[in-house]
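Got a structure for you, written out below as structure tokens; questions coming shortly.
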Amino acid sequence: MEIGLIGLGKMGYNIALNMKEKGHRVVAYNRSLEKVKAIEKEGVEGAYSIQELTEKFSGRKAIWIMVPAGSPVDEMIEKLVPHLNEGDIVIDAGNSHYKDTLRRYQELKGKNIDFVDVGTSGGTSGARWGACTMIGAEDDVFQYLEPIFKDICVEKGYLHTGENGTGHFVKMIHNGIEYGMMQAIGEGFEILHTSSFDLNLEKVAQVWNHGSVVRSWLMELTESAFKKRPQLEDITGVIRSSGEGLWTVQEALELKVPAPVITQSLFTRYGSEQQESFSGKVVAALRDEFGGHGVVKHE
Amino acid sequence: MEIGLIGLGKMGYNIALNMKEKGHRVVAYNRSLEKVKAIEKEGVEGAYSIQELTEKFSGRKAIWIMVPAGSPVDEMIEKLVPHLNEGDIVIDAGNSHYKDTLRRYQELKGKNIDFVDVGTSGGTSGARWGACTMIGAEDDVFQYLEPIFKDICVEKGYLHTGENGTGHFVKMIHNGIEYGMMQAIGEGFEILHTSSFDLNLEKVAQVWNHGSVVRSWLMELTESAFKKRPQLEDITGVIRSSGEGLWTVQEALELKVPAPVITQSLFTRYGSEQQESFSGKVVAALRDEFGGHGVVKHE
Amino acid sequence: MEIGLIGLGKMGYNIALNMKEKGHRVVAYNRSLEKVKAIEKEGVEGAYSIQELTEKFSGRKAIWIMVPAGSPVDEMIEKLVPHLNEGDIVIDAGNSHYKDTLRRYQELKGKNIDFVDVGTSGGTSGARWGACTMIGAEDDVFQYLEPIFKDICVEKGYLHTGENGTGHFVKMIHNGIEYGMMQAIGEGFEILHTSSFDLNLEKVAQVWNHGSVVRSWLMELTESAFKKRPQLEDITGVIRSSGEGLWTVQEALELKVPAPVITQSLFTRYGSEQQESFSGKVVAALRDEFGGHGVVKHE
Amino acid sequence: MEIGLIGLGKMGYNIALNMKEKGHRVVAYNRSLEKVKAIEKEGVEGAYSIQELTEKFSGRKAIWIMVPAGSPVDEMIEKLVPHLNEGDIVIDAGNSHYKDTLRRYQELKGKNIDFVDVGTSGGTSGARWGACTMIGAEDDVFQYLEPIFKDICVEKGYLHTGENGTGHFVKMIHNGIEYGMMQAIGEGFEILHTSSFDLNLEKVAQVWNHGSVVRSWLMELTESAFKKRPQLEDITGVIRSSGEGLWTVQEALELKVPAPVITQSLFTRYGSEQQESFSGKVVAALRDEFGGHGVVKHE
């Protein structure tokens, strides 16, 4: 197929190489142009403006966007639309909120431009060597694009999840589950680490990856992390979050679904980013008030 | 009544003054003898050894122990018993675990010495000016001691909770609830503090103490804390815990009672005491493994 | 003062009686007119339409709205505005979301109509005999209305929290704290109830209300509840929620403030409303998959 | 090797077949003798008493015990010891608490009998076709037994975790992580199920098993569960627990390690087993007390 690819971040760059390797014609554009030059050196065709990108296609255009969620997606679509014809396809393969996706789908439908939402999982290595994709699209649009999904994903690694919005929705929940799994692994290894037993955490992760109930890709990555740093000694416990965990919790709240584990995983991340907890100060001050326990003063 | 009082910490010292003021004869002993001298200056009779303490009573002895929970209580009882006669009463008014209390009750029963467990709440000011006590005791022993409880507690502020062990058991749960209430207050004020509105937290606590659903002594203490430090600016968010919250959670686990709020309050305290979270390091390392998000290195 | 009062639900009805008793002229309107008739019998002036309500005032009108949050408030304001003059005051004393309040404030400001947001706490008895109110308003509008707040609240029971929106914002957080406190109390009493000790829960709540650290209005209500039903025997554990707890959690998420206790309190409520937990089914099915533990089938 | 195997439950039965198939001589005993007869039909040598079992070995005896944790293990060891000689080996491959294991190790050491603790994961299919084992043992004892672990586990699926106790300790934490992962999956699928999108949950689980970050054996089992029951329609959400999740939480509490996710997973299970929540009743009653919200009565 012919694919225009916008956004050469870690994910987009690897997806472009992946597509090209499978024999597709990829024309890649990125706002910061060094990335375009870099990928040209790897044999991918580059474009130095959106106009140039779109002019390189003669037939039905399929433009794969992989930029940060939120306004960057809207801005990119706005710039792109004047260069598209009816029937062309915009594919948002980034981490957009599914409600934005539903809005964009409606807006583009009004212009007879097809829209597809793709949730992409598997990390950067998956993007390069075989991803997992969840695809929200009208049936005929999905069928038109299916060859590309088949090629860039691992076997059985793509799914037409249903109508527009479902690709990003299912990917969002995927990330919520991921948050919970990671936090469960983190807690377990903290107990192992804190216990008086002298355990080799890399070896523990390794054996758990061979026949145990918790064997998983995340446990393989745990093994890999401990291989690099046996006690994770030089890194901090600050955990960033990209938004999808938050959205999952917000969705659970709207649907009145109790989601204590996913939510706690998120709050733990938020707590890890705080220099200091104001609620902790309040509780410490209260203990001093009634019990004269004293408070720990800043040094 | 005549009361021997062992342990002149913050709570015991104030209880001794409270008892004396209500017209009881109190003889006070403390391992570190300066406290004995100090309280003598306030008009309370002192004793400089356990033997001296016990020899100052002619009739049925009632010995009120208020020392740290655990082995200090066992050691004190062991030292005390040789000086007691059948029918004398040992009162453990500290924060003992109720299972220790049940064991001590049985041990002393074997020697025909009465045992009473008293859970004491109200902080140091309550100990001085009117406490709240929960009393586990055999009926006749409770009745014998009732005058002293009536005097040192606020009106309606004492309860014969039932058989031995119940005094400490009910006090333990009291503290579990206290943990949850304090954490709820802490979280609420952190949201107020973090919001973009410019709010006077002392005034907010104050108005909530006048007619609102959350009016409470803890909210009064919150008001007092913000009066002293409008932004709690010079203290840290490190929250210590004395054991009763932990015991409440352990009890919930044994009874299979879901206690998410009390447990979270405890875990938040534990987290506040950590310099660094190992589970946080694990999760951060995992994010780097699959997403190349990088990790925050120690500086 | 002269006050038009719209909304004679449990809260509005009692506030109207409260205002009237303090010597204010209250004209009350309610969509369902029986309530108007009812309150007329208690000596409060009634109005049978919004027009009639507004025509009963000659000077600056102050209209106190106490209707369910959301669209009912918008609809009422829309009906009311045509009958108002510049400088008249709309007071929203219901449980509106503060973001709606900010919007309404701006909309009415464009028409030179003053707007005040009042968070009201203290339950129905507080509404009748002395409430607690948090007031978001411009300074001069607050000062104009202060006499009425002074009269209907308990002493020190009203606060000008600051600019518009703050009244409802502070009330929202109040409710979040309330959720956490209630859940903490619930968990504690479930442990007491489940333990092998035979405890009188009413008496326990009572003694905790006299001198203990957890003494509070909510504990007084706990005492009252157990007085009516010693084992809460005829009621279910289904806990409804009105929205403010949810909003508090959503606010915490937006501000990245960890709020585990308030959130767990909310999720516990949501769980209590479920006939059956789908997540529970998933976990039960998984246990059967790997362990052959079997699943509990519907009968 | 020659192995005596005691306990032909789901796990022991499959392990015995697994060992026999790999060419080891297995003599199997079970308290209820029908199981012995059943496994004899599959070609495994049976024994109808512990004495008979032990008499079938001429050299160093290695006895693999796989009975329920707690007193059954102690009883079995007590019956077994009179028939053992110095240097014989008792292998506890069940789900014992590691503290019991440490005690048993010391007790048997006093009799010069070797003891090995084996945590076994992988479910019943793993027991049959390739398990994952974590082994706490002295070095020479581990080396003596290594051939059997090598044979009955998947490749790289066994680990000498360290000194005695570590096998069961590491297995315990494994199960804690498992609880958290399962609950995260449960919550995610409940959100998918509750959303207004019409999603095929089996297909979602399937695609997540091919290239996604959350690919794991548990997700494969999720796929399998939805294959059997697309909406899990005929099963309840009651989740039993065997003890290891509880022990993990208790360990976290002792070590002061915050473990919110594992703990919430456990509490969710406990909640699922309750017919009714007493804490829910308390909170519902409180809402009625202050707000007149009413309570839901039993029908």
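Labels A, B, C and D are assigned to the chains in the order they are written; within every chain, residues are numbered from 1.
Here is the rule we go by: a residue touches a chain if its C-beta (ideal position, glycine included) is under 8 Å from a C-beta of that chain, and two chains touch if they have at least 3 such contacts.
Because the structure is a prediction, the values reported are computed rather than measured.
Q: Quick one: how many steps at least from chain A to chain C, stepping chain to touching chain?
A: 1
Q: In terms of CA centroid distance, which chain is the most far removed from chain A?
A: Farthest by centroid: B.
Q: Can you work out the whole-Å distance between the CA centroids of chain B and chain D?
A: That pair's centroid distance is 39 Å.
Q: Just curious, how far off is chain B from chain A if you go by their C-alpha centres, in Å?
A: So the centre of chain A lies 48 Å away from the centre of chain B.
Q: In angstrom, rounded to a whole number, how far apart do the mean CA points of chain B and chain C lie?
A: Distance between chain centres: 34 Å.
Q: Quick check: what residues of chain A touch more than one other chain, meaning two or more?
A: 122-123, 183, 185, 187, 189-190, 194, 213, 217-218, 257-260, 264, 267-268, 271, 277, 279, 290
Q: Which bits of chain A are touching chain C when the two form their complex?
A: 213, 246, 249-250, 253, 256-260, 263-264, 266-268, 270-271, 273-274, 277, 279, 290
Q: In the complex of these two chains, what residues of chain B are touching chain C?
A: 121-123, 126, 130-134, 153-159, 161-163, 165-166, 169-170, 173-174, 176-181, 183-185, 187-188, 190-192, 194-195, 197-200, 203-204, 206-219, 248, 251-252, 255, 257-262, 264-265, 267-268
Q: What does chain A use to touch chain B in their complex?
A: Within the complex, chain A touches chain B at residues 10, 122-125, 182-183, 185-187, 189-190, 193-194, 217-218, 221-222, 224-225, 229, 232, 234-240, 260, 264, 268-269, 271-272, 276-293, 295-298.
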